[in-house]
């Protein structure tokens, strides 16, 4: 080391010195950014089409191509989608469904996460006999197509008297959200050092004490992940929404389906697209706002198998 | 020592707690899970299998017909096409999801600028429901005003690009939409996995002069076993359940070229009012799920022991 | 408190029906196209005038989307006040399970047996001598709708029967039109096939297969001719990239397509588009070959409810639906024929008149919904949609598969 | 009166026997170190004592109370973990008082104990900080404090110093010793794989291997009179020299190996010496260089192979009896490789093990 310092200056005078120059347009950068930009365009294309179409009038849609920007911007389709589009005799668009979706989503998200987090915690830290068996069945449940389960669920809900009521729908969302959420929480809690759990036990905290005072405050990242998954999942649900609700409590997705499929004369693509964007707005906003937390949360242990 | 097992402590004569009541809070807390697992998933499955041996129509009834439903199932063209479609879609979706997801994650992991923007763009489709995804892509792929028309207007008049209206390739049209919606999440999972890899590994590989692609292929990917397993569970469960996307995009058409098992089951149960036939289809689906799941359970619980 | 309650009860008991306390009744149906919605609004209006309130539970898509929801809700113990089904056997098991309201008393009081024509409609509603549903309209499948504009553009005359239609197809194709508009949904493919059996194979062939379920006939030469014809016809429908029937109809309305084989409900769409029969479009019952109509249609069922007020409203709705005014108003908008023989459709248009004439002559067939179980229907639908859309299936193969379904049909 | 008593303890995970029929009596106020390499079952044993693991069989008494089936919190123990296990979302004060709050102690009492503990451990100024704002040493102090405030009779330490750097480790070691002297009535059970910690802290050391206690004795005995070859090899740094050979019994028992013969008359045999294969062990620091050997001492000339200066002293590698042989000389020594030196040692300070049973002869 010291020898290099003392080497004759002339030896290195023309050689590299100082920070290594960074080329902005190195081949690697062109490849990385080029690929990403192309992929990003592919991903953005449908959104672009949706937005552009929703701002056009019907004549323009019929004539032009779907990728050209609107010549004349109109918000009429948005107004119509939100407040005027008809299904059968109801002509109040999506507006009615918005609050219904909120009313369905909020309790479902809270309950499903509450239960799944406790499950994951019990599975990770309080392993009891047979826990693995139940967990395996639960994961099996993640694969069961919802359609297959409609009939048994109808019967179960009928037997416990919750069919057609909001608690029933909340229960259904909780049940079908449970497998993946439990997996996430279990993996996360497993990644928390076990000594922490042991220390808390020595300190006299019980099952719930440890859960609420130790585990919960440490689990913000995974709760964010779970919340994002559940909000989008439940908000986007159509099947349960349509089967387990009534017209005046239809969630937004059911209204969307109704609007899109109620063709009166010609298909109003602009209204359909506006309705589609409006319906997707809540989960989209959730993603745009908390996308960063989402990745961080997943990185924080959710994926450690 | 002096004390036999029979002798208890000097001061205590406590009963050995019943095994059932050990960790009683944990068990009570797990009750919803146990109930869901047993009543809904296991119970529902057994119920479904049980009634698949009957000839229930609109309502379940106990008139047994043996394996008739299965015989009919496997001689029905639509079911066979559904299975074939699921296989094609499943294999391709699995491969492409993993490859694209991983490559995108690796690109995002190059300490690039605007990482947040790119990630948001790649992830946003996941926020949209399958119904919305299906509609948008139905629209983009529509030959009368979608990509085909645009390209033809630009002068490429001989172009045929109507995947949703060509029975031969319709399943690929659905795949395009499915990948668009799902790879963002896979990318996120992979990215999280990559971020969990020790920086020193990279340094070591760099010092050893191992090319980047080799480092990924032979060092990083094997280290991400856990991520891959979670990802596989998520992708595979999505594949088996595929339904909404097909309904929104093609309704199984043209003809029955894009039918999938879940749709067969649903239609059999409710449109054809032949519950038992639907249950037979369900049973076959559940069976195939088990085939996927058993290796997973083995890896998860059999492979390692926690001490 | 007690007194006021009694008073309330009395007042409601003595009040005229129009002044009865308003009861909300949720009615589910899958009528969401323009013509359909306009028609169902007539029922709603008539029901609301009776002092009750129609809560509209339209489920868009088609019967295939809507029926699962309806059935789930009824079996799940949270039924609606009234629900649409097609004439026939779709609700059979629900009735058997005792989930549906018995309407016999009302029917006898209002003498439905005498006014409903043809009587077969009421028979479909009857199980063990009791009546469980209200037929509201007669729909027939056996029509082809032809666009004058399309033929004018192509420079050929509007055909007057199926054979002329096939002959004119090349000219249409040349003019960039789709000769035969056809939605992608399976029930449309099957419907068109059924119609072609009657037009090409004749009525007896149809009866042999669809009523007697005779497998040998299904394998016969007669049906082979039909299959051969369909295998040609399917080429005429290439290019109609739409799902819904009314979008296909719209292709005819706008002159993008030459014609469409579709039931008389298509009429409502022409009406909404302000097109005039004979001037803008032509309708040919029985495809201009065998003039006969099937008497399918829609019926309303009333699931049993616990609330006596609602039950009362249900009977009211049943009565309203059968009433003369509502029948006329509804069917004019819907483009279907009324179920009562004693109403005057003075304002009926050309096509409806044709239908009424055929009905009066008694040239009627049952609908396949009445003769087949939904399961068999569904199997035929699956086969037909595949056959129409996949030209690689030969007529012979398709016929054999069809015959197999008929063998086991219920 | 035994403070902690473990009787016939068995523990198995599935089919894997981790601890077999283990018995251990620990006196009140004793500082017992469980020493062993990783996987020997020492931490498992500690977890059993804490009640964090269910045993398969046997009993555990703490203060003569059978606690076999009791919850950790009811056993009167405090525990300190290797990774500190501080609750990250709580302040130091919160960490210290968490257990007390769970026990339902009045606020004033909690306050008193927290203050007292923080004084003892000199963490008073840190009370309002979060664990993430503390250095490793500070964290471990807090972790010890958390056990301290519980005012219990038995402290359990699970490798508490392993995550610290060498300097801090030495500092905290002394502090632990001080703490033990101050709390003279408190029993401490300390798990470590570091023999220096064991030797410096312990009243008694239990050396474990494969779930079995090999030797339980005071550090000096362990060091000078290891019961078997494993213990001899495990304790001591640099580790003991082993020579393979055989014992020739008789009036003048000798140990014979390749080219050497050691007179065993000064060696204290446990029984009567018999002929047979044996391992002879002598610690590097017991070897004298260049001095005139005493009566009955072994002496030989060896060639220096490698010299490892370590500052205070120097380790010299050579060969004897066909084996690597190490000895320790003064740091000032200027031996060089290839040099010939005369060495000697006293067999009385050595150990001899049966080649087959590996037990001390």
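By written order: A, B, C and D. Residues from 1 in each chain.
Heads up, the rule we're going with is that contacts are C-beta pairs under 8 Å (C-beta built on N, C-alpha and C of every residue); 3 or more make two chains touch, one makes a residue touch a chain.
Everything numeric in this text was worked out from a predicted model, so none of it was measured.
Chain nearest the geometric middle of the protein is B, using mean C-alpha positions.
Using CA-based centroids throughout, the chain positioned farthest away from chain D is C.
The greatest number of inter-chain C-beta pairs in contact is found between A-B.
Remark: chain B and chain C have CA centroids separated by 39 Å (rounded to whole angstrom). Computed from the mean C-alpha positions, the centre of chain A lies at a distance of 53 Å from the centre of chain D. Mean C-alpha positions place chain A and chain B at a centre distance of 15 Å. Counting partner chains per residue, chain B has residues 22, 266, 269 touching two or more of them.
Touching two or more other chains at once are residues 150-151, 257, 260 of chain A.
Of all residues in chain D, none touches two or more other chains. The part of chain A that touches chain C in the complex is made up of residues 86-90, 150-151, 154-155, 157-158, 161, 163-165, 242-244, 246-248, 257-267.
Taken together, the chain C residues at the contact with chain B in this complex read 63-64, 67-68, 71-72, 75, 90, 92-94, 97, 184-186, 241, 243, 373-375, 377-379, 382-383, 385-390, 401. For chain B in complex with chain C, the residues that touch the partner chain are 57-59, 76-78, 142-144, 162, 164-165, 167, 250-251, 253-257, 266-274, 277.
Looking at the complex, you find that chain B touches chain A at residues 19, 22-23, 25-27, 29-30, 32-34, 36-45, 47-48, 60, 104, 107-108, 110, 112, 116, 118-133, 135-137, 139-140, 145-146, 149-150, 153, 180, 184, 188-189, 191-193, 195-196, 225-231, 233-234, 236-237, 240-241, 243-244, 261-263, 265-266, 269, 275, 278, 282, 285-286, 289-290, 292-293, 296-297, 300-301.
Chain contact summary for the complex, chain A toward chain B: residues 28, 32-33, 35-36, 39-40, 42-47, 49-50, 53, 61, 65-67, 115, 118-119, 121-123, 126, 128-129, 131-132, 134-153, 156, 174-175, 178, 180, 182-183, 187, 206-208, 211, 232, 235-239, 253, 256-257, 260, 269, 272-273, 276, 279-280, 283-284, 286-288, 291-292, 294-295, 298-299, 302-305.
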